[in-house]
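I've put the structures underneath this note.
Each of the next two complexes has subunit A plus one more chain, namely subunit B in the first and subunit C in the second.
Presenting the complex of A and B:
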C-alpha cells in the first residue's frame, strides 16, 4: 500500500499552489454561489411568471412565459410616471455626478496634493463620510439639513425651508449628499495616484516655468487620466443602479418625484413578492442591455480621446 | 520564537473569528434565556411592534406550567417556549421561514400566499375547525376572512391582531378647552333640538356662525351633541358628526391656541394611508370595500361626474353624480372610482390645505419620526411652547397601537411636573360622516395589514402537535380577551368584548373597544385569483407601489379632490388594469 505523502515532503511550488488554492477556495466558492448562481437565476427569472396555484402546491410555482415580462415593462413605463421619472432622475444624477466627479474631485485632490491653504481641513471634511458609519452620517446630515440650517439661517434673516423635505430643494439636497458622500473615495484614489508621480517630473516642469495650472494640465492630469477614465466608465455602468443615497436618507419613503431607477428597483424588490420578482428581474436585465453597450462605447471613447502621457 | 508567536497569533485570531461567528448559534431566548436541554424547546418568532410582548410572555409562563409534564423525545420532560422578539415583518421573513429555527410565528404584514405556495406553512385546519364550547376559530372568522385564509380547503394561518388607524383625540384637552360640541348647537341637531325645547328657532345667521359661538361648545361635564352615531349617551357624544362640523372645530381650535393635527412626517404617507382607508370605508361601507377585493357585484356605485364646490373657508362638499355598474375581474378598475375614495381625498385635501392645521415640526418631515409625532402630541399639552410654538396639539394621525408604542418608547416618563401616564387621557375619534343624511350609519374598521400567526411547514414531526397545542392555547377565548386587556388592541376574530374586565385598560383602549363594538370590520383581502395572483397591486389603494402616492401628491401640490380622483382614475384605467393583472377579454 502506498504511503500517504506527508505535507513536509511537498516542494516549494506545490506548497505555494496548496496555499493559493486554500486561500482562494473560500472567496471563489462564495463568488460562484452568491454571484454567478444568483445572477444566473435572476436572468432566468426574467423569462418566468409565478402562479400561486388554484389546486394545491403542485400547480404553484414558476412557469416559463418567454418575453411576457419584457412586454409588461413598456406598459408600466406608459402607465407609471414614477418609473419614467426615476429613469429621468437617474440620467440627471449621472450627468451631475460625472461632471462634479470629473472636475471637482480632481481639482480638490490636486489642491490637497499641493498642500495649499486649509487643505488638511478639506481632507477631513471630505473624508468624513468615509470614516463615519453611513447611517450615522445620514442622521447627522438629515438633522443639519432639516433643522439646524433652517433654524440658524432663519435667525439671521435668511429663510430657508427644511432642505430634505421641501418640494423644491429635496432632490438637490439628496444629490449633494450623494456626491459629497462619495467624494472622499475618489479624492483618496486621485491623491494616491498623484503621490506616485515622480517628483522630478514636477520639478522639471517647475524649472521649465510651468505654473500651477499648467502643471495640472500637462503633468498631473495626463498621469491620473487612467483613474479619471475609470471613474467615468464606472459611473456609466452604474447609471441605473445609483440610488443617490435615497434609502439611507429616506428609507423606503422617498417621494416618487426624486427617486432614481436604482432606488426604485431596490425598493420594489424589497417590498416585492414571488409574483413581482420576474418582472423586476426583466426590468433590471433590460437596463443592463442599455448600460452595457453604453459602457463599452464610453470606455472605447475615453481611450481614444485621452491625453498622451508622453 | 518569532514563528511561534505568529502561529499563536494566527490561532488566537482564528479562534476569535470562529467564536464570534458561532455566537449567533447559541440558543438564547428573551432577555438572554438559555435553552434548558432537559426540556423540549418551542421557538416562537414574534414581531415586536405596537402590541409589545407582555401578552406573549404571560402565555409563555402559563403554557410552560401547563406542559411541565410533557414528555418529549430523548427523555426530555417539560416545555420551554423560547421567544424571539424582532423587528422583521412578515414581508421580509417570508423567504426565511423554512430555514429558520423559529417554529411558531406572530407576524405583521404577511405575504400569506407566497408562504403557502412555497410550502412554508403547516396545515393548521385541525385547530381552526375544532369546536371548543360549541365554537370553532373558523366560526369566529368573517366570510371574507374564510375566503382568504382557506387555501384548497385547508387553513394555514390565523389572523393575529387588528391594526387600523385614524384620528386620536386628547380627552383632557377637549375638556379644558371646551372642544366638545354642545347638545343642539350644531346644524345636524339645531332645528330638531331647538324646536323640541321651544328654543329660539334657527336663523340663517346663527347657522352660519355656529362654529364660532362659545355656546356651540362645552366641556366634559356639559350636555354634548350626539356625534356621528346620532345617539345621545354613547361613546362618541360631542364629537363632530359631519365633515363640516369637523373642520369648523379645526378652525375654532385656532382661536383656543390649539393646533388640530400632527402626524409623522417621515412615514406620513403610510400613516395617512390608514386615515384614507378609514374615510373611504366609512362612506362606501363594508360591502363595497369588500367588493374592491372580491371583484364581484351586480350593483356597484361609482362616481360619474363631480362639480367642485369646495371653499377655502369652512368645508363644502363637492356635488357628485353616480351610476351603478357591474364589477367583475375585467371591470375591477371601476372600484377606484367610488364616492368613498373621492370623499377621502376631499377630507385629506382640506386637512393639509392650511398649514396652521398641523404641527410646525411637520414641515421638517424627514427628521420627524412616528415617535417624534407621538412625543410632541403627548407633551405639547403640558409644554406647548417647547413642543409646538405655544399651542397644544389636539389630534394625532396614527395606528390603533400607538399608545403601546408611546409607552414602550418611555414617552410618558417625559411628562413634566411629576405627571405620569395616569394623567393623560386619549380616545379614538370616530370618523365624521360626509353629511347629515349619513349620521347613524355604522362605523367601518379597515384591517389592512394582514398580521397573521402560523406554524412553519417543515417543523419536526415530533413537535408538530406541541406547536399546534401552543397556537390553540394562544387563540382560546380567554387568551383572545386577555390579549385585548393587555394591549388594548383586538385580535382579528369575533369574540365577546362586552365581558372584558377593563382593569388596567386606558381610556384610549376602552374607546377602541367601544368603536369596534359598533363597527363592521372589513379586511382588504379575498380569495379571488385575480387578487391572490396580484396582491401587491391591491396592497396600497391610495399609495400604490410604483405609483404616485396620493398623499405625496396632495401634500406637495395641494390639488383639489377632483384632480386627485382623476389622476388615480387615469392610472387605474381599463387598459392598465388588464395589462398589469394579465387579464384578457
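Presenting the complex of A and C:
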C-alpha cells in the first residue's frame, strides 16, 4: 500500500491550492445553501400548496399543485386592490428614489470632497440616518409630520392635515421620508472614489477655467461613473423589494393604496402562515421575471451611455 | 468722499472687486446651490431631533394640546423610567409565554449584532483576499457571483429562506443568524476588500515567502493587518446596521428579541394604555438609540473613513 504523502512534501502550487480550497470551503458552501438552494427551493415552492392534513399534524405538508398559485395571482390581482396598487406604487417609488438618490448622493459627495463650507458637519448629518435606527427615525418623523407641523403651521394660519394620515399627502410624505432617511454609506464610497482621483487632473481643469459644475460634469462624474452605475443597477434590483419605509412608519397598518410590493410581501411573510408561503413565492418569482430583464437592460444601457474618461 | 468715488483708480479697483465677486459667484454657483440644499436637509434633521427630544419629556395629557411648544407642566423625566420598564416582548418559552425586558433584549442585541457584524465582515474579507491573491479561474467565478447577485433582483425568497432555516435548526437562534449572515455574495463590502487587496504590491507576499512564511502566516500576519482599518470600518458599519435592524429578528428569531425589535413591539404591538402615547414612543426611541449613538461618537473618525469599490467592473 502506498504511503500517504505528508503535507511537507507538497510543492508550493499544491500547498497554495490546499490552502485555497480549505478557506474557500465555507463561503462556497454558505453560498450554495443560503443562495442557490434557497432560491431553487423558492421556485419549487411556487408550484406547491400547503395541506393541513386530514389525519393530524403528521400528515400536514407541501404538495405539488402545478400552476395553481400563478392562477391565484391573477385572481388576486383583480380582487385585491392592495396587490394591484402595490405594483404601480413600486414602480413610482423606484423611479423617484433612483433618480433623486443617485443624483443627490453623488452631488453631496462632491461638495464634501471639495471641502466646501461646513462639509465635515454635513457629512456627519448625512450619515445620521445610518446610525439611528430606522424605527427611531420613523417615530420622530411621524410625530413631526402628524402632530407638530400641523399645529405649528396652524398657529400661523396655514392649515395642513396630518401628513402621514391624510389621503392626499400620505404617499408623497412616505416617499419623501424614504429618500430623506437613506443617505449614508454610499457617500463614503463616493468620497473614497473621489479621493483617489489624481489632483493634477482637477488642477488642470481649474486652470482651464472650469467652474464647480463643469468640474463635476467633465472630470469627477466620468471618473466615479463605475461606482455610480453599480449603485444605479443595485437600486433596480430592489425595485420590488423596496418597502418605502412603510413598515417603520405604519407597522402592518399602511393603507392598501400606498403599499409597495416589497411591503405587501414582507407583511404577509411576517404574519407567518405556512399556507401563504407557496403563493408568496409564486408572486416573488413572477416579479423576478419582470425585474431581471429590466435590470439587464438598464445595466446594458448604463454601459452604453456612460461618459468617457478620456 | 464723493471725490474718492469719482477717482478713476478707485472706480477701477471697485470694478475689479465687483468682477471678482461675479466671477466667484459664477464659479461657485453649483456649490452655493448644494450648500443651500444641505443646509435645509440639516435643518429638517435637527428640527425632528429637537422636537422628538422635547416631546419625549411631556406627559401624554399635555401632548394632547401642546405638540409644538416647550412643556408647560414640567419636564417628565420619569417617562424614561416608565419606558425602560415598559419595553418588553412577549415570547414563547417552554410550553407557555414569558416577557423579555430591556436588559435581556440588550444582551440579545449585543450577541446578535456583534456576532453577525464580525462574521459578515470576516467572510467577505477572507474571500476577497483569496480571490485577489490566487488567480485561479474559480476566483473569477466568485467575483462574477458577487457582481451578479448584487444586481440580480430576486424577489420573494424569504419564505423559502425561513423554511430552510427551520429545516436546518437555525431558526430562532442567534448563532443561526451568525451563520446566515456570514456570506460574501450580494455584498458591496466584498468589493471594498477586493479593491484594497488588489492595491497591495506582490512584493509584500514574496518577501514573506522568502522569509519562510506559509500561506496562513502570510494572510494573518501580513495581509489582514494591512486592511485592519478597512476591516474596522466595515465591522462598525455592519455593527450599527445589525444593531438597528428589526425586521430580520422579527422574522428569524421572534423569541430572542433585540432592542430594535422591542421598540417595534413597543410602538406598534403593545397597546398598553400607560405607554401607548407619542411621548412614550419618543422616549422609547431615545432609549434604543443612546448606546449605538455613543458607539458612533467614540468611533466617528473610524466609521467615517472613505471607502472605495473602484477596480471591479460589472
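Note that the second predicted complex is superposed on the first by the 258 of 310 C-alpha atoms of A that agree within 3 Å, B and C clash if a C-alpha of one lies under 4 Å from a C-alpha of the other, contacts with A are read in each partner's own complex, and residues count from 1 in each chain.
The working rule: a contact is a pair of C-beta atoms (placed from the backbone, for glycine too) under 8 Å apart; a residue touches a chain by one contact, two chains touch by 3 or more.
Just so you know, these numbers come straight off a predicted model, no measurement behind them.
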If you stack the two complexes on chain A, which partner ends up touching A:167: first (subunit B), second (subunit C), both, or neither? first
Please indicate which partner A:105 is in contact with in the superposed arrangement: first for subunit B, second for subunit C, both, or neither. neither
Return first, second, both or neither, reflecting whether A:89 touches subunit B, subunit C, both chains, or no partner chain. neither
Counting only touches as set out at the top, which of subunit B and subunit C does A:247 meet: first, second, both, neither? second
Which partner chains sit in contact with A:143 here, subunit B, subunit C, both or neither? Use first/second/both/neither. both
Look at A:155 in the shared chain and tell me whether it touches subunit B only, subunit C only, both, or neither; answer first, second, both or neither. second
For A:271, using the defined touch cut-off, is the partner it touches subunit B, subunit C, both, or neither? Pick first, second, both or neither. first
Counting residues of subunit A touched by each of subunit B and subunit C, the higher count belongs to C
Looking at the overlay, does A:125 come into contact with subunit B only (first), subunit C only (second), both, or neither? second
Shared contact residues on subunit A for subunit B and subunit C? 143, 147, 251, 253, 270, 276
Complex interface listing, subunit A residues touching subunit B: 49, 51-57, 60-61, 72, 75-76, 78-83, 142-143, 145-147, 150, 161-162, 164-167, 249-251, 253, 255-257, 264, 268, 270-276
For subunit B, which residues are in contact with subunit A within the complex? 91-92, 94, 111, 113-114, 116-119, 152, 265-270, 363-367, 529, 532-536, 545-549, 552, 556-557, 571, 575-576, 579-580, 582
Subunit A to subunit C touching residues, read off their complex: 15-16, 19-20, 23-24, 26-27, 30-31, 33-35, 37-39, 41-42, 45, 104, 107-108, 110-111, 114, 116-118, 121-128, 130-137, 139-141, 143-144, 147-148, 151-152, 155, 180, 185, 188-189, 191-193, 195-196, 211-213, 216, 226-227, 229-230, 233-234, 236-241, 247, 251-253, 261, 265-266, 269-270, 276-278, 280-281, 283-285, 287-288, 291-292, 294-295, 299
Footprint of subunit A on subunit C - complex, ascending: 26-31, 34-35, 37-38, 41-42, 44-49, 51-52, 55, 63, 67-68, 123, 126-127, 130, 134, 136, 138, 142, 145, 149-164, 168, 179-180, 182-186, 188, 191-192, 214-216, 237, 240-241, 243-244, 246-247, 250-251, 260, 263-264, 267-269, 278, 281-282, 284-286, 288-289, 292-293, 296, 300, 303-310, 313-314
